[in-house]
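Note that chain A is present in both complexes that follow, paired respectively with chain B and with chain C.
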Partner chain A sequence: MHTSIQVENLTRVFNRRGTAPFHALRGVSFDVSHGEIFGLLGPNGAGKTTTIKIMATLLLPTSGRVTVAGFDVEREYARVRPLISLISGGETSGYGILTVEEQLWMFSQFYGMETPVARARIEEYLRVVGMWDSRRQQMNRLSTGMRQKVNLVRGLVTDPNVLFLDEPTLGVDVEASVVIRRIVRDWVQEKPERSVILTTHYMAEADELCSRVAIINHGLILANAAPSQLKQDLDSRAHYEITLDRLDGEQLDRITAVMGEGNDLVLGADKVTNSPMLMAHLMHESDIARLITALAAQGAALEYMRKLEPTLEDAFLKMVGRRFEDEEETASPVS
Partner chain B sequence: MKKKQLLLFLRTLNARAYVRIFGQMREATWVVASVLGGFFTMTTYIYLYRTLGTGSEFSGLVVLGGFMTPFFMNVLWGVATQLYWEKEMGNLELMLVSPAPLSAFLVGLSVGGAMHTMLRSLAVLFFGIAVFKVKFTILHLPLAFLVFLVTLFSMYGLGIVFSSLFLYHGRDAWRTADLVMEPTNVLSGSYFPARFLGVGLVGIAALIPTTLGLDALRQLLVPSFTVKVLDWRWELLILIGLGLVFAFIASWALRSVEYKARRDARLTLRWQ
Partner chain C sequence: MKGFLASMYVGLQIESNWTKKWVWLLYLAAYPVGSFLAVIILYGVFGQKTGLLPYALYGTIFYYSLSMVFFDMAFSVHDDREHYQTLKYIFLSSTSYRTYLCGRAATRYLIALAGIGINLCWLVPVLHLPFHPSWAYLMAGAFLGYLVAAGLGLAMASVFLLTIKLDVDVVDALFGGLFVLSGALFPPTAFPAVFARIAEFVPMSPFIELMRRAISGKVLTTFLSDMSTVQLLGRVALSAAILFALGSVLVSFGSRQAQRKGYIDVTTAF
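This part shows the complex of A and B:
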């Protein structure tokens, strides 16, 4: 796959009067391929937005190199800008006195688009987001969700190669979030040279959309992998929640002996039905067959069973927490 | 400039001017308030001069002052401070991420602002003529129009120079604009002949294009106006020179300030 964005050993220091320099980025490196939705996850102040602003030519790096579509964002920013779009969550850009249609047309002109082409694309995307009927409504009368849909259309109308989405669903209701995620997913697949950089606080959003995510904290990349890989790295064991018609402590001891070391079984009760509930943490997924056989041997019938999957949020919390500890222990940057 | 870049510049200019011309027309109360405000200021000065028993030409120079003052206010509040406001609204980032040059936005703002202000200024001029029966000579109308256009070119050039400074210095510069508004009105002789300021002050005031522009317009349109600063021909040449210098400084300053602002994160951090 071709590389759309390459970030090499990027640092950014903010010098503020009267305070110590703030190291927002401390050697960040990653790359993004064509056709990819790449997530940047991290807590507030981790360096996500700083990274996006540098990639979007709004901010100069202190050191390191970033290329977008092969162009250096520092020296060749004029060649980068026609190829990118930036959409930020909670954005109040534009002019409230303009209508939706006028606002989108105005931004299209900043990319030098011919008016008929711009109008056709505006109609196409407004229909996609379900806002064609609101095209003559003034911007200052739109809800947050509608405004964010317009922002998304603004970013797409100019047909960029790279779309920077900085918290695109921040403060947006469920319906609008679903629409935005669907459009982003479809959009990136329409043309092979497209790619998306997404920062978000919503782990489920990153899990759903991103082919890879980088977890960033204190200006350092802590992990860079597919969400499924991050979850797998979190805990390789298989977890099951099993509700049974009956099971007592003695029976549980016998089953534990059968299952062997490394497989943990914890007996509790279902909060609603008060039936015995077994939490099984198994070394291998295939061990579930042995467990069911062992349960049957004890005369316990299954009422309900589900596999518990670790979430990206679990991976994120564990990783960020662990790295905090590491930093305290070693006091040296890790990339 | 390549054709593609020229088209980008013109389309950006047109789009940004559109907001000023058509968007602001939707705020009718603001338009009415600004026309009435200008009219009442003009009225105050005309009655003052009439009370003092000055010649009728003073009413004419006040009406012309009332006509030109909104343009300078537009330069200061609609161009010079605009990049600062664009940053606060979150537009500046989008303007910079786009391939359009900053100068195209500012020229668009200037063209749109000048056209929008023209309606207000013409309304003030119309009321001045209709209510106070002020007479102007139309003998030199084409020349007066040329002086007016050159004055606008020079004024808005100065506004673009200021805008780059305001972008970098943010709120401090905005407060400075507030501070210089009234002294500028005084120095440019909006409602009295600038020559009354004396040679020293008028020399400084000449750096504000309104000063010489107004003086030249008064010479060309008010027949009995004699207290001129310089002959209007010299004033026209100086205004052309000022306009070119401002345009050159503006072009350099915008590039330089954008680079510094990217370096120092002034484009992305609001409320500073």
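This part shows the complex of A and C:
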């Protein structure tokens, strides 16, 4: 698969008056292939927005090298820019006095697009996001979700090869988030040379969209793998939650002995029905068959059973040691 | 060119889209009056004997047109970065930031010229101003004057790109200083020789004098009177070329430095 983006040993230091230099990135390396949606996950101030800004030619690195479509973002930024689009969430960008259509047409002109082509694409994407009927509304009359949809259309109308999505669903309602995710997924599959870099606070979003994610914290990449791989690496055991009609301590001891070492069984009670509930942590997925047989041998009938899958958030928590927090982005050059 | 025209369109919408078209046209006519009124009172009422009203009024009018370009370019940086939050998207587009700034300011310039035109329709007959326009000089001067102001505006924009908090005072001071030094309001020859000498080299002076002559059809004071109109035009063309080139270099430099510092998308909620 061809490489779309290559990030090599990237560092960025912000020097701020009166405070010690802030090392936002401390040697970040990864690459993104064509056709890929690559996620950058990390708490606020981890360095993900700084990384995206450097890749999108908004910020220069202190050291290291980034290439997009083979062009160096530091030296050949003029060749990179026509190939990329940046869409940031959680902002109210746009000329409020322009209508949706005018705003989108204006940006298409900044990319030198022919007006008929631009108008056709604007209509196509506005219909996709369900905003064609709102095309004559002024930007300042739109809701946050609608503005973000327009922002997405702005990014797509110019037909870029690389889409940088920085928290694209931040502050957006569920319906708009679903639409945005669907469009991004479809868009990247339309042409083989396309790729997406996504930063998000929403683990489920990254899990759903990304073929690979890099977990970044304190300017360092802690992991870089497919979400399924990260979850698997977290715990190789299989976990089950089983509700039974009856099971006592003695029966449990006998079943534990049958299952052997490495398979942990914890007996509790269902919070709603108060029925016995067994948490089974098994060495191998196939051990579930032996467990069900052992339970049947003890006369316990299954009422309900489900397999517990580790989430991307579990993997994130294990690596970063904390959940996403609502702290301020510490990499801002202003603070 | 598409980027330039789109920028002009944004400029027009920002200027005019806040109200109904007829209210805006009324505003267009009324807006410059404030700038001229003080001059009319100063020279038309109190300083009537000096005979300097045409000199000062034409000077002020054309200085006003340049200042619109100058101010628009400087404030566009903050406007787009902080208020509209579009600066980063403009930077990432295929249109150069210089082109964008020039497009937006061009609209402002044309609006200012339209306002001047409307007001001259009543100023000339009411105040008996000399009016023997040379349209060729007026058009050439208007174009070159735009380049002069754009060069200065680009230089100011480059400073604002590297400033994360808006400092209106700096622009005001510069605007005021250039207004006096350019001889827009007073003939610099009325002041000590050194002042007149400085005024000759203020980039806006030859433009303003050229436009005075082009519209009135005569030399109104001794300031720059040793130069023919053609020479003045040449001087304005030279100033335009130098200032526009300088402004372009500075805005490129400012853009690169802003990229280095991370100022392109910075917001301070000013």
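Note that in this section the second predicted complex is superposed on the first by the 321 of 335 C-alpha atoms of A that agree within 3 Å, B and C clash if a C-alpha of one lies under 4 Å from a C-alpha of the other, contacts with A are read in each partner's own complex, and residues count from 1 in each chain.
Rule of thumb we're sticking to: a residue touches a chain if its C-beta (ideal position, glycine included) is under 8 Å from a C-beta of that chain, and two chains touch if they have at least 3 such contacts.
Owing to the predicted nature of the structure, the values given are computational and were not obtained by experimental measurement.
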{"item": "Fit or clash between chain C and chain B when superposed on chain A", "value": "clash"}
{"item": "Which of chain B and chain C A:57 touches, first, second, both or neither", "value": "both"}
{"item": "First (chain B), second (chain C), both or neither touched by A:84", "value": "both"}
{"item": "Partner chain in contact with A:304 - chain B first, chain C second, else both or neither", "value": "neither"}
{"item": "Touched partner set for A:14, first chain B, second chain C, both or neither", "value": "both"}
{"item": "Which of chain B and chain C A:22 touches, first, second, both or neither", "value": "neither"}
{"item": "Partner chain in contact with A:107 - chain B first, chain C second, else both or neither", "value": "both"}
{"item": "Contacts of A:94 with chain B and chain C, given as first, second, both or neither", "value": "both"}
{"item": "Set intersection of chain A contacts, chain C complex versus chain B complex", "value": "14, 53, 56-60, 81-82, 84-86, 88, 91-95, 97-98, 102, 105-107, 109-113, 154"}
{"item": "Complex interface listing, chain B residues touching chain A", "value": "4, 7-8, 11-12, 14-16, 18-19, 23-24, 26-27, 89-91, 93-100, 262-263, 265, 267-268"}
{"item": "Partner chain B, residues of chain A touching it in the complex", "value": "14, 53, 56-60, 78, 81-82, 84-86, 88, 91-95, 97-98, 102, 105-107, 109-113, 138, 154"}
{"item": "Of chain C, residues touching chain A in the complex", "value": "2-3, 5-6, 9-10, 13-14, 17-18, 84-86, 88-95, 100, 164, 259-268"}
{"item": "For the chain A and chain C complex, residues of the former touching the latter", "value": "14, 53, 56-60, 77, 81-82, 84-86, 88, 91-98, 102, 105-107, 109-113, 154, 158, 332-334"}
